[in-house]
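Look for chain A in each of the two complexes below; its partner is chain B in the first and chain C in the second.
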Partner chain A sequence: MTPVVHQLPTAYLLLLPLPFLLFFGLLEALRRWLRRGRARQGERDWSLPALESEPHDSLFSRWDVRCKLLSLLIYAFMIAALQQLSSALLALLISVLALLLARTPLHRALMRFLALGGFMGMFLVVMPFSAPAHPGDTLLVFHGLESFPFNLRGLELAATLLTKGVAIALLSEPLLGSAPLPVTLQGLSRLGVPAMGGQLVLLCHRYSHVFHAEARRLATGMQVRGFRQSTSLPALRAMANFLGMLLVRSFERTERVMDAMRARGYQGRFPETVELKMRPGDLLLSILWLILGIGLLLADRWG
Partner chain B sequence: MNAYTGCDDMSEIKQQPRPESPTLFRTEQLGFHYPDGTQALLGIDLAIATGERIALVGPNGSGKTTLVRQLCGLNAPTEGTLYYRGKPLSGAHLNAVRLQIGLLFQDPDDQLFGHTLVDDVAFGPCNQGLASPTARELALQTLQRVGLAHLAYKPPHQLSVGQQKRAALAGLLAMNPEVLILDEPTANLDPRQEELFLELLRDFSGTLVCISHDLIFLYELCRRAVVLEKGRIHHDYSMATLVSQREALREHGLDFSFRFSSVPPPATPTSPQSAAAAAAATAAEKPGPEPSPTPLITLRDYHFRYPDGTHALRGIDLSLAEGGRVAVVGENGAGKSTLISCLLGLNQGEGSYHFAGRQVSRQNRGELWRQMGVVFQECADQLFCPTVFEEVAFGLEQAGVPRPKREERVAQALQQVCLDGFEQRVPLHLSGGERKRLALACALVLAPRMLILDEPSAGLDPRGEELLLEILRGAECTLLLVSQDMYVVGELTTRTLVMHQGTLVEDLSTAAFLAEERLAAVNGLAYSYRQRSSDAIRDLQHVHEHRHKHRHLHEHPHRHGELAHSHLHEHEHDHDHRFLHAHEEGEQRHGHTARLLHDHEHPDHEREPHDHGHTTEREP
Partner chain C sequence: MHIADGVLPTAVAVGSYLVSAGLLTWSARQTEEEELPKVAVVSAAFFVASLIHLPFGPTSVHLLIPGLAGALLGASAFLAIALGLLLQSLLFQFGGLTALGANALMMGVPALFCGWLFARFRGQASSRQALLGGVAGALGTGLAALLLALLLVTGGEDFFGVAKIALAAHLPVFIIEGVVSFFTIGFLAKVKPEILNQSFCRVRRPQDAVKEGNQPRKPRL
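Right after this comes the complex of A and B.
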């Protein structure tokens, strides 16, 4: 069987990006609307913990963190193994439902979606033109661009990849956003990940904000004294000084933080902030979730 | 000879009478040198009793922080021994003691490493062996105590500096420490936060050791003062004695009395605010550049919102004349820093902003930066070069000034800020005051039309503060000053803008603002305890002339019959002299009969005839 070829006028090429532009435009509008909504809400009540507070109480926040991590990570690998666009779309639907059930802030999920969409959108552009023509494929050939046929199978493949990526990215909200970071890291540590790794992640997360603020102030100081980024030797030397200063100050801060920890009794181990308790319901939920993943895989292969 | 103790050897300093409590810390000839060989402490003999409140003072680099690091076991002494409750502070004893000593770091970001406030405060109690739920309960109670219960689950980086300081203190108080050691606790706090902090420390019942340049704060908190200089203990006084002796304070760069210099005679009680008002009146009298008819800066209905929706500036209408000296005051979060970043073009708000008649936009802000200089509150944030010379020359280099001209202007700028000779020094290794002046030199070298200063006096020792004020008084450009320090406002500005919740609520002459107590209270700028302390200190420092019989020590040649000799001896005088002294608490009468032994200038005393009995063992 040879590929099916449809000849189209070149002007039709201009129509191709239209759905993507519409899609991303819609997302951007949604993001802005969410941001405005958030600004109207004002600051949340910080006297209540994220887990117990009413707006974030959800199936995922109550699920034992170890069971949740194991189940969702295995499930994510199952999604990655899907081959059909229809099953990937089903996985995406499940992720959206999980996201709604987790009741984590939608704008965060949307931000992940936008970041991933920008990167994976490239597949949608490149793969239809680069996928090799197999027997039975449908090729759109634009007049004057005969050497670059648009392969619909390539588009489907890119769409499958994009859908799987987004499904997994959306799942990261119920996975990581439904419990405080220290609890998630404590769960990982109980699952065998070295505790020191978790502590480092926690400290990096805390001090990334401090580091960012410091870098911004230093850059502002340079900017108001006339610094402009360029590839000239003085500009490169100034950038090297800037980075060197950030490094030295970060190193000094690291020493001071370590001293502060030692002064409060730190002896190489962070205290566990919560007591993890596994109930039969947690195990049952894990089993159900894995059954869902297996069902998805079976449907993908033989459905 | 030491003018106050009658001793010339510091090792003979009379220790203050200690409360009848067991000794907590004791050091014997304690010394410490850093791996590079720098001797930071030498021959420290110090005893601290349980429940004492000690101020550790001295100029930058005198070894205060190094000493407190020894006290809490973060560094081991390289010479001598340190005892805590009679046992050397090392090994298992050290591990146990660390849980009983709380050290508050200068930068709260160093100390708040937890994911949320409650996690951070519970860290210490968990290390003390409390179960996690109990520790968290205790953490919540302590946060309640410091007034931060409503922020218990907030990440530390989202707090203001004042809140961070209180959260860091909560982390220590939750451990119920026997000793609290504080390193510059009031640095970068606004008056309201400072007073809150003071209240918390007053309630602490354990032993307190506090490092600070702020003697007014220390006077309210501590009863004993240990003065360090070049790694040695130079004085060990009562706090009242230290603050009453201006010469000793000046000797160690701690004399803050210049803040009272514009104050009327002591018979009329005055406050720092009235002192600042007097200073403002003086500043207003000083000839300055003639204001230009065209405003340098014009803001009309200016608004700014942060991306999270915070409405930081609301309808600002402002006009600043060229050559003017203007202060912006207000409580933390009033929008002062946001206003600065908008004026610098770093944040773009809504409304109109004109600089020298031109609309400022993102495209032409480079031109704005060529005419504006700025010194940030944390001036270390604007220093990044390996040498002082390169740091000051950076702006000129960016502006394309040729090297010979650049060298000349750098030398001038460094001379202007009293840093000549520092060209090859590393900015990161300079003291706080030197860094601040260096940041100022970086701005002044570009000959800006306008200079913006954010809390210029924050974190400086009195000597550095006085020097900085002197430099700024001579700066010939438009000055916009953001400060919580009413004395600095009074000294440097003639006009004051009061901000509250993102709006400009008042625009007054500085003298009128400082005289307006209601405004200060509304904007969290009232320092009631500072006023109280300052009045008390000024009373202690007063100098007056009077006559009374007193005893003091002399060494001068004299004759006893046939025997002519010289030795230290004690005898009585009855004559007029100026007498700098402290009045004991509750003493109403202005008499000095109780102080029979003190020293003062005796011109030509050596030639006065006198006699005194003396024993042979005292003779040389």
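Right after this comes the complex of A and C.
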């Protein structure tokens, strides 16, 4: 069987960018909307980490954190293994339902989606043109551009990857955002992740906000002295010194913080904030969730 | 650039998780307690650097700093990068779940190689260190782009086109990263030389320490 080839007049080529423009336009509009929302809230003090508002009481916040992490992570791998667009769309629907159940704030879900945009957009644009023609494929060939056939199988593959990616990215909100960070880290350490990792994540979380504030301060200082960004060598040198200064200052500051923590009795362990309790319901939910994943996989392969 | 979830074949995603876990354990063993603040600084810097956009022609690029992380931390660089990625996924709503292992490999392995290169040939002169830092910076990005392309290619021939484009897209970052790392390492070598890594592997075996009459090293955090 040879590929099915549809000859199209060159004028149709003008229609081709339309879906892609729509996709990127949607991304840009969402980005602007999020930025405007943030600007309305006013400038916040970047040196402080965003105090996480207590996650909404939901099915996911009541689920034991160890069961939740383990079963949702395995489920995420099952989604990653899907091959058909239809089952990927079903997985996306399940993720959206999970978001609604977890009562995740809309802007967090949108940020997860936007973070994927650039990388997956590249797949959407490149794959239809780069996927080699296999027997049974449908090719759109534009008059005058015979060497660049548009392969619909490539488009479908890219769309499947995008759908799977979004389904997993959205799922990480109920997984990671439905419990306070220390509780999630406590769950991870109970699952065998060395405690040092968890402690370092907590410290890094604090430091990254401090650095962000420091970086803004340095950048403001550079701007009032007339620095303008460009790709010239002096500008790159100024940026490199900025990065170096940021590292030196942050390092000295971090060492002082560490000394102060040790002086107050820190021995590499923060007290555990909650007692983790596993009930039969947690296990049941995990099992149900895994069965859902297996069902999706079976439908994908033999459906 | 992060690999998104669902792109890699499942076997590759699971395999890279396992390899990353092994490297992470090794890297954590190489990290001494006194170094933890530095690891935390580089992890946070890894995150903040991705927010600094440098203009390049009509578009802008952001720094990846695997080479710089290697030059600063040596064998602990893998730990710092894996933590940075976990932090991004946990708190800043980007980075993947199933692709976390592959992303850690993509950035961490170049960091380890650059760390080894820097520690091996650094010498004493600050100009030599700056030059080597520049090489490490460029090489770190180049290797990361190469690993990204290799990981994508495991998906089959449908992914060849995307892999080539991803490789080409890293070319400007490769150049800018090299120049910035050259100046940054030069700056650090003059201003605070002790922040630059002295030797790749730090751990001395306890029996060596006893032989030299020192106390065995303190238990880690």
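Here, the second predicted complex is superposed on the first by the 262 of 303 C-alpha atoms of A that agree within 3 Å, B and C clash if a C-alpha of one lies under 4 Å from a C-alpha of the other, contacts with A are read in each partner's own complex, and residues count from 1 in each chain.
Going forward, a residue touches a chain if its C-beta (ideal position, glycine included) is under 8 Å from a C-beta of that chain, and two chains touch if they have at least 3 such contacts.
These numbers were taken from a predicted model, which means no experiment stands behind them.
Within the superposed three-chain model, A:L247 lies in touch with chain C and out of touch with chain B [touch as defined at top]. By the touch criterion stated above, A:F227 is placed in contact with chain B alone, chain C being left untouched. Look at A:P105: by the touch rule set out above, it reaches neither chain B nor chain C.
Ranked by how many residues of chain A each touches, chain B and chain C are led by C. Look at A:T273: by the touch rule set out above, it reaches chain B but stays clear of chain C. When both complexes are overlaid on chain A, the residue A:A260 reaches chain B alone and has no touch with chain C. Contacts of A:I168 after superposition on the shared chain: chain C is touched, whereas chain B is not. By the touch criterion stated above, A:A80 is placed in contact with chain C alone, chain B being left untouched.
Of the two partner chains, neither chain B nor chain C is touched by A:G121. By the touch criterion defined above, A:L181 reaches both chain B and chain C. On chain A, the surface patch touched by chain B in one complex and by chain C in the other comprises residues 181, 203, 205, 207, 210, 241, 244-245, 248, 257, 267.
Within the complex, the chain A residues that touch chain B are 35-36, 38-40, 42, 45-50, 180-182, 202-203, 205-207, 209-210, 213-214, 217-218, 220-228, 234, 238, 241-242, 244-245, 248-249, 253, 256-257, 259-267, 270-275.
Within the complex formed with chain C, the residues of chain A that make contact are 73, 76-77, 79-82, 88, 108, 111-112, 115-116, 118-120, 122-123, 126-127, 129-132, 154, 157, 161, 163-165, 167-169, 171-173, 175-176, 181, 184, 194-197, 199-201, 203-205, 207-208, 210-212, 215, 229-231, 233, 236-237, 239-241, 243-248, 250-251, 254-255, 257-258, 267-269. Of all the residues in chain B, the ones that touch chain A in their complex are 69, 72, 74, 95, 98-99, 101-103, 105, 107, 109-116, 118-119, 122-124, 126-128, 132-133, 135-136, 149-157, 171-172, 175, 305, 307-309, 344, 346, 366, 369-370, 372, 374, 376, 378, 380-386, 390, 394-395, 397-399, 428, 442, 446. For chain C in complex with chain A, the touching residues are 1-8, 10, 13-14, 28, 33, 36-41, 43-45, 47-49, 51-52, 54-57, 63, 68, 72, 79, 83-84, 86-87, 89-91, 93-98, 157-158, 160-162, 164-166, 169, 176, 179-184, 186-188, 191-192, 195, 220-221.
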